[in-house]
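Consider the two complexes below, in which chain A is the common component and chain B and chain C are the respective partners.
Up next is the complex of A and B:
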């Protein structure tokens, strides 16, 4: 049996990574930081909760539906807000603020939906946990194995798509130089739509996983939004594997450091555990602004090996 | 091949071009010349669907292009080398060529990459390098190579010689002439360097403040002392009869 703290850290890191894949993917391929990604995660959680409540069965069988519904909402967000604003030459800041507005709208709708489920069907829709429905494999909960497997599968699939397929390279070219992409025959709007669809779908799957490990509520995605940004920036948006590195660095540090500090200083430190990822974020922005995936480790090792500091930027 | 009739265009409410006419046939180089800010780039942008058409028509081999989007226009056999940002800096050279040939199928793409590399053999040495790390000359070679990837019948080059060393300029000019003479491609060339451009052109169009004030043979343009000295910065006497 795996040590519970280690198991917790691995599950948490994997969930953070899966949640952040979509955020990083859409930033990498369309240049937009999508705050409403949090709401898309929550939609995934509620799709699984609703299906399990009314149809029964194992939560995992509803992940495809969570993928599709969150993906469709992401496409609606793109068509309603991002594309019209882009046509008006809106800045990236303006686009970011517009996604915040969309997230707030989604948050309101999700709250209304949760109230409806609670009042009409007496479901615990404002605080639910689906752990009891999870399977056990080798004495460990299914969420541990599934989250880890999904993380690796998504990483490989997204890496291959972005680097080795025509459509993946087209997605990257559209953010690099949209005018040249369209002149080259690429339908920029279609590629952007595909990006948002994939990103939304990944958020939905991540949301579906969450209630198997933590309490689901209308703000479950938003409560993790700062961490998602932290993982994306710490890992680096340039490389999709940066999200996994960031997820594990942030997740492990948060769980292990909080655990160690609570032994030394007492349980009073636990509410401040989110300060740890924020400290990592600040350090990353100061010393490796492009994220840890872009750090030139070879150069650092050379400096360490031969001593003395290099004046050149690492 | 390409026919532009009484074109009025611009960006949003900004009217830039007024009543421009132009014809470009296959195996023909047409130069668009004029001072800075005269509307040369807007002219090319308009043909490629990147500016708004207020009135007039653009047809290519009988096909009306007025309402077509840029990615649709690239499929009819026209390639465009924009003046700025003409490569994907974050992609490798090989990926740049692949994206330039996005509309081709896998077999055509492979063949065309080989063809283009045979025209620009220097590209072969840095296929896996990020395009953003190339020198100015190498970037421009790549950009021109990218315009050829779609096997175009007409290519539009916006200041392809800008900022290049004289040796590279000469090489590029030779490539442009090669495209016309050996591959039968029509070329619309926008250049600040009027002298170099007119030397290889079959037709010339002088645009000033969005209006075409001359359209015809390059030597006819050079016969007009006023136009040459006023707008091209050349001394008419020195260039009269240079094409005879």
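Up next is the complex of A and C:
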């Protein structure tokens, strides 16, 4: 049996990574920081909750539906908001604000939906946890195995797509120079649509996983928004594996450092664990603004090995 | 409505200074706002306890004895309005200083970042004070919060009117001050950096320093709004200062009113607050709906902003060209210059003809 703290840290880090994949992916391929990603995560959680409540069964079987619904909403967001604004040459700040407004709309709809479920069907839709429905494998909850597996699968798939396929090259070229990409025969709009579809779908799956680990509520995605941005910036948006690095750094530090400090200083430090990602964010911005995925570890190791004085000779 | 309009107007004007004029997308407004509110939760009680010589044993645990202490302070303030006003002014000064400090601390690691990164970083850092406030009881009573002394207690039955008037005057004062700033050289420097950093830098402007100044000034104003809000409600609770109400809504109001136009921002704020209050006022009429009507308000606001962004991105009122002098004086100078140049050209023509 795995140590509970280690298991906690691994599951939490994996969930953070999965949640942030979509955010980083859409930023990497379309250049937009999507605040509404939080709402897309929440949609995934509610799709699984609704299906489990009305149809029963294991939550994992509804992940495909969560993927599709969140992906469709992300595509709608792109078509209705992002694309028209892009055509009008809106700045990155305006695009950011538009995603914020869209998030507000989604937040309202999700709250209305949760209220409706609660008032009409007496479901605990404002605060639900699906842990009881999870399976156990090798004495560990299914969420541990599933989140870790999903993280690895998504990482490999996205890495391969972005670096070794024509679609990946098209996705990257569209963000670098849309005009040139268009001249080269790439349909920029379709490429962007694909990017938003994948990003939304990933958010939906992450949302579906959340109620198996923590309380689901209409603001579950928004409450984790700052953390997702932290992970994305700490890991770096240039490389998709940066998200996994960021997720594990933030998740492990948050859980392991807090548990170590609580042994030394007492339980009073536990509530402050949410400050740790902010501290990591500040340190990253000061020393590695492009994220840890972009740090030249070889150079640092050489400097450490040979000392600062002999650096020039190397 | 007047009170909330005034509070939102101050915070929105601060955002307009940062975003509209300096181009800094401060998504962490809530940080400075909370800082101002926390100052009201922490300082006036201690000041009043010292001034009114309230039992020091009660002061051993202010959060626990909060209700007793504040009721004693309020009874003193009812008979000594000048002390109440002095505490109010001192706290506002402290809140502004705290806001400036928070602005500097949050900006320091991030100010050199690209616009979108800066926005996201400030958004993440905006949470910090809320986390500390909710968990460190001695600051503002933890999750439960703390009551602040009612510095307007002396006004008795007309308290509501007095506070609303003070808040309104503070908001108008901020509007006029920022409008003056908008016509000053510093505002032109802000705009120059916003429009073209490289060009501004080549003209000798220290871009990082100027951006930092804009963020610090904006945070000071934002903190003032937080302090005024806490004095109005006489309560400081970390849970009351959420990102949605004190960062996202101000952003939407500013975009709605018009970036870079203080009067547009005032108009946008008024329409938004009026809409909010209308929905709250007619809430009972929607009692048949199987959900909380407050979500209709957010749905409406979000949709309006999306429509505005797509069809009229400049907002209700466009940014005006800044004039260094009054229009009439500028026209006089232009006429003189034109007359002089035409005189010179006539003279040179005559010389050639000769």
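In this section, the second predicted complex is superposed on the first by the 308 of 314 C-alpha atoms of A that agree within 3 Å, B and C clash if a C-alpha of one lies under 4 Å from a C-alpha of the other, contacts with A are read in each partner's own complex, and residues count from 1 in each chain.
Operating definition for what follows: contacts are C-beta pairs under 8 Å (C-beta built on N, C-alpha and C of every residue); 3 or more make two chains touch, one makes a residue touch a chain.
Just so it is clear, the structure is predicted and the values come from calculations on it, not from any experiment.
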> For chain A, which side has the bigger count of touched residues, chain B or chain C?
Replying inline: C
> Is A:267 touching the first partner chain B, the second partner chain C, both, or neither of them?
Replying inline: neither
> First (chain B), second (chain C), both or neither: which does A:101 touch?
Replying inline: second
> Regarding the shared-chain residue A:169, is it in contact with chain B (first), chain C (second), both, or neither?
Replying inline: first
> Which partner does A:230 reach: the first (chain B), the second (chain C), both, or neither?
Replying inline: second
>> Which partner chains sit in contact with A:55 here, chain B, chain C, both or neither? Use first/second/both/neither.
In response: neither
>> Looking at A:282, would you say it contacts chain B, chain C, both, or neither? Reply first, second, both or neither.
In response: second
>> Is A:1 touching anything from chain B or chain C once the two structures are fitted on A? First, second, both or neither.
In response: neither
>> Give me the intersection of chain A's contacts with chain B and its contacts with chain C, in residue numbers.
In response: none
> Which positions of chain C touch chain A when the two form their complex?
Replying inline: 19, 23, 25, 27, 109-110, 112-113, 115-117, 119-121, 123-128, 131-132, 134-135, 243-244, 248, 251-252, 255, 290-292, 295-296, 298-299, 301-303, 305-306, 309-310, 313
> In their shared complex, at which residues does chain A touch chain C?
Replying inline: 33, 80-81, 84-85, 88, 90-94, 96-98, 100-105, 107-109, 111-112, 115-116, 119-120, 222, 225-227, 229-230, 232-233, 271-272, 274-275, 277-278, 281-282, 285-286, 289
> Which positions of chain B touch chain A when the two form their complex?
Replying inline: 48, 50, 69-71, 74-75, 80, 82, 85-91, 95, 98-100, 102-103, 146, 150
>> Quick check: in the complex, which residue numbers of chain A touch chain B?
In response: 166, 169-170, 172-173, 176-177, 179-188
